[in-house]
Amino acid sequence: MNILHTSIVDRLLRAVDRVVAPPTAFAHCDLPCGVYDPSQARVEAQSVKAIQERYQGADKMKSATETVDDYRARCLSIKEERANLVKEHLWVLWTDYFKPEHKEKYPQLHDLFWSATKEAGLAKKSQDPAQGQKLLDSIDEIANIFWETKKG
Amino acid sequence: MNILHTSIVDRLLRAVDRVVAPPTAFAHCDLPCGVYDPSQARVEAQSVKAIQERYQGADKMKSATETVDDYRARCLSIKEERANLVKEHLWVLWTDYFKPEHKEKYPQLHDLFWSATKEAGLAKKSQDPAQGQKLLDSIDEIANIFWETKKG
Amino acid sequence: MNILHTSIVDRLLRAVDRVVAPPTAFAHCDLPCGVYDPSQARVEAQSVKAIQERYQGADKMKSATETVDDYRARCLSIKEERANLVKEHLWVLWTDYFKPEHKEKYPQLHDLFWSATKEAGLAKKSQDPAQGQKLLDSIDEIANIFWETKKG
Amino acid sequence: MNILHTSIVDRLLRAVDRVVAPPTAFAHCDLPCGVYDPSQARVEAQSVKAIQERYQGADKMKSATETVDDYRARCLSIKEERANLVKEHLWVLWTDYFKPEHKEKYPQLHDLFWSATKEAGLAKKSQDPAQGQKLLDSIDEIANIFWETKKG
Amino acid sequence: MNILHTSIVDRLLRAVDRVVAPPTAFAHCDLPCGVYDPSQARVEAQSVKAIQERYQGADKMKSATETVDDYRARCLSIKEERANLVKEHLWVLWTDYFKPEHKEKYPQLHDLFWSATKEAGLAKKSQDPAQGQKLLDSIDEIANIFWETKKG
Amino acid sequence: MNILHTSIVDRLLRAVDRVVAPPTAFAHCDLPCGVYDPSQARVEAQSVKAIQERYQGADKMKSATETVDDYRARCLSIKEERANLVKEHLWVLWTDYFKPEHKEKYPQLHDLFWSATKEAGLAKKSQDPAQGQKLLDSIDEIANIFWETKKG
């Protein structure tokens, strides 16, 4: 079974775990409440990519009540916000969830977050869905590590 | 197989679907970008419940650097914010994602959202994790409908 | 006296009531503080409509220091925010102020709020002041019910 | 007729004006959209005062699910936010609506806004409804000038 | 030594003071915490001016992944936010830091803040860096008074 | 001359540079506008420490219109916000300003930001000004690197 399949199976089993056993709560405020979930960043990044796709197909996606230019201006300002939310959720995960012992086990941790948040910054300047996909991929890489630390 | 099991199997199969097939993007801003996910409200509600639990066990959960009273004051103000986010995510889902055809098929839709957002309001005044669980349950009920409309 | 006139007289009498008797405070946070007022949504909706009008007359409304395109881009992003505030104020009113007994007396309540907040969403995509007027009308319909419940 | 009565009649007539004639839109963003209304600050100030009253009667106002201390902690943090909104709405009115010609006619303008926003700051530190009433009075004084400039 | 030089020497000495002696903390929330610093408004105003410059040289400043029009739309919406922050920081300084005794010594205080915040409003409508410089100058004028009151 | 003195002289010279030469603008939004300044994080951290000091001396610092408990509750919720702003400003600096070449020259960069933002998180749970001082020190360490990269 190749790596891709292994990863799919891993994620499948993880999904099964999350469904069968009631999810234990983790943390995303500094109480801390212990609830963290990389899906928060992912949802916003999906939105970023979807906006980039809509920007490309603006003439088909826009409402009858707005011009292509208006629609694209809205794409840009909404994407700006969504990309900010991606950064925000990632930063919280990096500072608040991950601990020195994780850093030791995953020495790439800092660089992963640095490049993922930089990619989110680039998303503001790019209307190319391939860029949005890169952002999603970098979040998935972080999510994989996150879920591995949860299994431990 | 009783109802509970059926529901677990349903959710399991849905989880499988989401893992095997790459998720299609839907919508959560008014572009609209088409990305919606009830998990956004759920993560915040998990946080609400976790805070209620920590409030109850404040003497064990607090840092050495704060008093029980300080910790509880922080529980209350953070829970206030999280409960607001639950309401926010639910309102967006209700107004932006759901369409009249969904309303026809699920006539309970308005009341579900009304009572779920009211429950989120109650969460600000309650330190009882059982209340937080009720909030989670009401979100799950909405999520079930949401994922059914996605299958259609 | 036709319906329109009756409604004007009703509103006039209500205005008189509010002026002569010092207003009793009601509620708009989840304390709850008991202060609610549909005028909050209305002010933002007036702004939405005013922006749509200015968008149409951009060449006359813009400053000498900006181009028509720049002015219109600003119209769009400011309208986006104002429409969000309309939704926000309406959602708070719906969930926090209205109670089941109101729902029973005004069975159209849920649909009114649903379509008013959807109208606020449409306002982001429309530069037509007639659309903004529809939004204002839907808020006024809600406000009429609100003030009736206050009289009871 | 004493001053108080004159003022009530003035406000009554103004209310009548606003009801009979459809309100013309003015401005509250820097587009500018031209929609301004001192009622925005007033609603938040009413909330401030209502919270101060509830703080005093906490044992009767609180939910069964919270302690008096919890309720009061929530009073304080919500009042903090509401007082901020009062300041915000007043500052916008001062900088964005009022023009040098108004300043000339109402030389007390700057001091009125300065003391009203300072009063809003004091509201964070005071649990006395009489203080909240002073805040409301200072807003009403500004509102009187505002509506006079509209008549001109 | 002319006025300009005197002012440079003043600022130099002040800078020396701030470096050699550990800064005493002052105030910028309504606790109040006593920490105020006009540099907060200044940083945002520098950003406003930098954006105006980039708008002018958009073809050279933009990323390869965005059009000139897209870049300019982003300039406008980001400048809008930054100008808001300038206003916000100035308003806080005006209401929260300055006291009646300062007002007596610097009778121009209210007008300085009024025109500086109005200038920040104009910045939203102007793409001319000279306008941004005027905004910076008006903040520096306020900062000079601020630091003088600190010396007292 | 020991290290401490060297550092003071360095900072003094840097202060002189900033005063004599007009500051060139750098960047703090993703336009990017090029304006960055670690003083933004520092001002908020000064506020955090000042609040911790006031918490300790609550009986002397509080207004006559509030109880010691009320004052402390306000200390906690305001400190929570200020500590969030510290994190925010630091994260922006880390992701947006620093580039791979800086990382190469200052290999400790990631860890510095990680521990500084974690320290800001701890500030929410600690009422000890010594903790706030640690936060300030960690920001100064970052600021030193920042200003060195500016000299290059």
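Think of it as A, B, C, D, E and F in the order they're written, each chain with its own count starting at 1.
What we mean here is this: a residue touches a chain if its C-beta (ideal position, glycine included) is under 8 Å from a C-beta of that chain, and two chains touch if they have at least 3 such contacts.
Quick caveat, the model's predicted, so the values are computed rather than measured.
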Chain labels contacting subunit A and also subunit E:
C, F
Partner chains that subunit C and subunit E have in common
A, D
Consider the two chain pairs C-D and B-C; indicate the one with the greater count of contacting C-beta pairs.
C-D
Going through D-F, B-C or A-F one by one, find the pair whose contacts repeat those of A-E for over half of the pairs by residue number.
D-F
Between subunit A and subunit D, centroid-to-centroid distance (C-alpha), Å:
42
At what distance in angstrom does the C-alpha mean of subunit E lie from that of subunit D?
28
So the centre of each chain is just the mean of its C-alpha atoms; given that, what is the distance between subunit B and subunit F in Å?
35
Once you find the CA centre of subunit E and the CA centre of subunit F, what distance in Å lies between them?
19
Give me the residue numbers in subunit E that touch at least two other chains, ranges are fine.
30, 69, 73-74, 77-78, 80, 124-125
Taking the touch definition from the header, please name the shape of the chain graph: line, ring, star, complete or other.
other
Every chain pair in contact, whichever chains are involved
A-B, A-C, A-E, A-F, B-C, B-D, B-F, C-D, C-E, D-E, D-F, E-F
Please output the residues of subunit B touching subunit D within their complex, sorted ascending.
69, 72-73, 76-77, 80, 122, 124-128, 131
Please output the residues of subunit D touching subunit B within their complex, sorted ascending.
62-63, 65-66, 69-71, 73-74, 77-78
Once bound in the complex, which stretches of subunit A touch subunit F?
30, 80, 83, 87, 91, 94-96, 103, 110-111, 114, 117-118, 121, 124-125
For subunit F, which residues count as touching subunit E in their complex?
8, 11-12, 15-16, 18-20, 23, 25, 27-31, 33-35, 37, 39-40, 43, 46-47, 49-51, 53-54, 74-75, 78, 81-82
